[in-house]
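Mind looking over this structure? Questions follow.
Each chain carries a letter (A, B and C) given by its place in the written order, and its residues are counted from 1.
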Amino acid sequence: MDRVTFEGVGKRYGKQWALRGVNAFFAPGEVVMVIGPNGSGKTTLIKCLLGLVRAAEGAIHVNGMEVGADPQYRKAIGYMPQLAEFPRELTVDQLLRMMNDIRDAPSGSTDDRLIEALGVDALLDKRIGALSGGMRQKVSAVLAFRYRPTVLVLDEPTAGLDPLSARTLLDAVTEARRNGTTVLITSHIMEEVQQLGDRLAYLQDGRLRVLLAPETILDITRETSLSKALPKYLAQLPPAHVESV
Amino acid sequence: MLKVCKYTLIDLARNRFAIGYATLLLLVSIGLFMLEGDPTKALISLTQVVLALVPLLALVFTIIYFYNQYEFTVLLAVQPLGRRNIVLAQLLAITIAMLIAFLVGIGMPVLVFAPSAAGWTLLLTGAALTAVFTAIGGWIAVKNRDRARGVGIGLVTWVLMVLVYDALLLWIMFAFSDRPIEPVIVPLAAFNPIDLARILVMLKIDLAALLGYTGAVYQQFFGSVGGMLVALCALILWVALPSWRAVSAFASKDL
Amino acid sequence: MRTRALIVILLATQIAAHARKCIVGPQATRTIKEALALTADCDTVVVKSGHYREGTITLERSVVLLGEGWPIIDGEGAGEVVVVKAPHVTITGFVVRGTAISNLNDNAAIKCISVTDVTIRNNRVEDSFFGIYLSSVDRARVEGNQVIGDPATDENSRANGIHLWKCANVTITGNRVEHHRDGIYLEFVTDSHITRDTTAFNMRYGLHFMFSHRDSYTHNLFHDNGAGVAVMFTHDVVMTDNRFLRNCGASAYGLLLKEINDSRIERNIFADNTVGILMDGCNRAAVHANRFSNNGWAVRLFANSTDAVCESDTVSGKTSDVTTNGDLVLSLLKRNYWDRYRGYDLDRDGHGDVPYRPFGLFALVTERMPYAMVLSRSLMVQLLDESERLLPSLTPKSLEDLSPLMRPPHG
């Protein structure tokens, strides 16, 4: 069974469609790299999945539960936003406990490996307001992985991290894939996409233009680097049908 | 919901502006009681400060806190929580925090220096104002994406309720002075929570009897069960309606 | 004047030498009426303690009626209780009660009609319709009586505590009147002195007088009366050292002056009244060295009053200091102390260098529309008042104190 399904999903802000006619199915243990130019609908796609934005048409299912009905479907989701902000006056430890409470997760049931791996254990007593942006990203990463999600959504996860921590995070993604977690990652870094992605989802003007394995694109274009292959592949696609509103 | 509320409160307890607010109120009230020998007079001055300051700061603080928490609120919205519960929890936490600040800043000095019926009335109505303007602030913050716009609307709301409303009342009195409008004026005034609070405190500062004719009208309205019921309903409405609007706006909002 | 008084005293002692003493009590004459029938002028009737129910007792000779051990004279609701129809009568030491309540007759506990030289002293008048009633009396002294009505009596069954009609040269002093209609009521009473009396909790006015010229009212205490004290249609009134307290309600005043000419109002204290003094049609009133505190309005000066002078008064108000209802004010405020004055005194002469304008814009508004008082102390109203104070445009310019005191003039 597919873990995440998009069926004819569309979203518009005012008269402008931010996302239109998206059909996609994501399997367990699959890492999907979501890419596309600015304003292409990446963020909207993710927000629709997270339930932050209500799709105007179509339906999204996570583990067979429809998004937008019961908030409990989000138990399966781990999310790391692009920029993490937390209550400034809480300590990291308090934040972790708050999330435990909200998730009804008894201590011991959580996956705390990243706490040590990213060095967050040294920050536990610190006020969040005293943390740097990178430190907050680490905390955010910990939270995303902590409740053993079956769907992991990472929005530009390595952007604010030092190379070592970025490596640790990507290792954690690989580990999660092995455990059958479906991972959606937005990224601008083509090496990352090529290296990590089982498939890449390319969005343009709110349309899902490409949903293929990076290797397939490389094969078709006979290129070795994705950053060259992708434009080549796109150029030979028929032009996108422009939706009349 | 209570979990979110609990941790928001822990956050607010160390919030510099919340602490500053309590300190400011404390300084103002102790200062007034010290400078003015007559506690009743000090209470009158304090009432005027409370009626202007508490709505303003409750409003602005709530709006800014909501904007500051926006990213985290989004993160909460991704957790297995109902959206309505998230806003309600945050509103509740801010209200509790502001109430505690109010009770520390105004409550303690009043109970020490002027533990009279008027003092108690000031505390109760001030607490009600805190709840009302926190709710309104929440509504404004949820409704407007832009922080500057939200704060601006908050300030305009404050000016409307503290100044323009009264000017409008005065204008109505002038415009219809040849008609029997007294029965309308008192309920109209009582509809504005700031005016209601002011009238209730003034009534208790023994002013009613001194106001002669109008005092009698006041007493007639607020002395009756019906009048108090109207006042109470107005206050509850002022808390419930903005809260409800905030919650339902947040529930259907694109974050 | 003095020689005449001396002659009176001499005569009285002369006559007293011949006077007899008649005792009423269980061991003597049983009723007051019997005793009175036996007396001649100048006799003394001593009434021992007991409960005397004899209907209306009429005194037709100049006697001294002296109660010992608070004998009770009870009219049992039959009409008047004691009626004095002879001059030189003294009534003292009695409890008098039980008048009839009537809309036709002014039934009183002690009534004196068309007599002179009466003294009503140290009696207790209880639950009566009228208490002490003097009609066409010259030279009387009403002193130290307690005239206390029944608080439970309904409004229509109350009449005045001490009531004087067409009298002259009366001294009313040291009396206490409570729970009547008017505490002390005077109509056409001249050259009289009301001093050291206390009237309280009366339904209407604590003191009420009309057409009563050349009278003085000093050292009295009027408090918690329904409508305060009213003085009407009178000239040459002196009111000094009185206290007017807690007279509050829809149309209540500490002191209402209506159509009063040439009066002096000095060193009085007005506190916690709806209106301290209301002057309506008063000419040449000297309001001097009074203290006003915690009144809704300290002074309401109607524009039909002329040449009132308020000087050296201390005003600490709750709502308004001085208000008026017209544009042109022909009265003068000078050298008063205003609690709210925020001016400065650079030349240190004790007087503020900028005038004080006690009549705010909001006071003007409420003068026209009393119900605007719902906005009392609102921020908007204060802004209005402040701007008007800086740039007066609507309030009468003449209503200002050009030399306000920086400190209270007394204590």
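As a working rule, a residue touches a chain if its C-beta (ideal position, glycine included) is under 8 Å from a C-beta of that chain, and two chains touch if they have at least 3 such contacts.
Just so it is clear, the structure is predicted and the values come from calculations on it, not from any experiment.
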Look at all chain centres (mean of CA atoms) and spot the one farthest from the centre of subunit B. C
By Cα-centroid distance to the whole-protein Cα centroid, the innermost chain is B
Whole-Å gap separating subunit A and subunit B, where each centre is the average of the chain's CA atoms: 42
Calculate how many whole Å lie between the centre of subunit B and the centre of subunit C, each centre taken as the average of the chain's C-alpha atoms. 48
Determine the centre-to-centre distance between subunit A and subunit C, using the mean Cα coordinates as centres, and give it in whole Å. 90
For subunit C, which residues are in contact with subunit B within the complex? 248-252, 272-275, 294-296, 318-319, 365-366, 368-383
For subunit B, which residues are in contact with subunit C within the complex? 44, 47-48, 51-52, 162-164, 166-167, 169-170, 173-174, 177, 181-182, 185-186, 189, 195, 198-199, 202, 206-207, 209-218
In their shared complex, at which residues does subunit B touch subunit A? 3-4, 6-8, 10-15, 68-72, 74-83, 252, 254-255
Taking the touch rule as given, give the residues of subunit A at its contact with subunit B in the complex, in rising order. 13, 47, 50-54, 71-75, 77, 79, 81, 83-90, 94-95, 98-99, 101-103, 127, 143
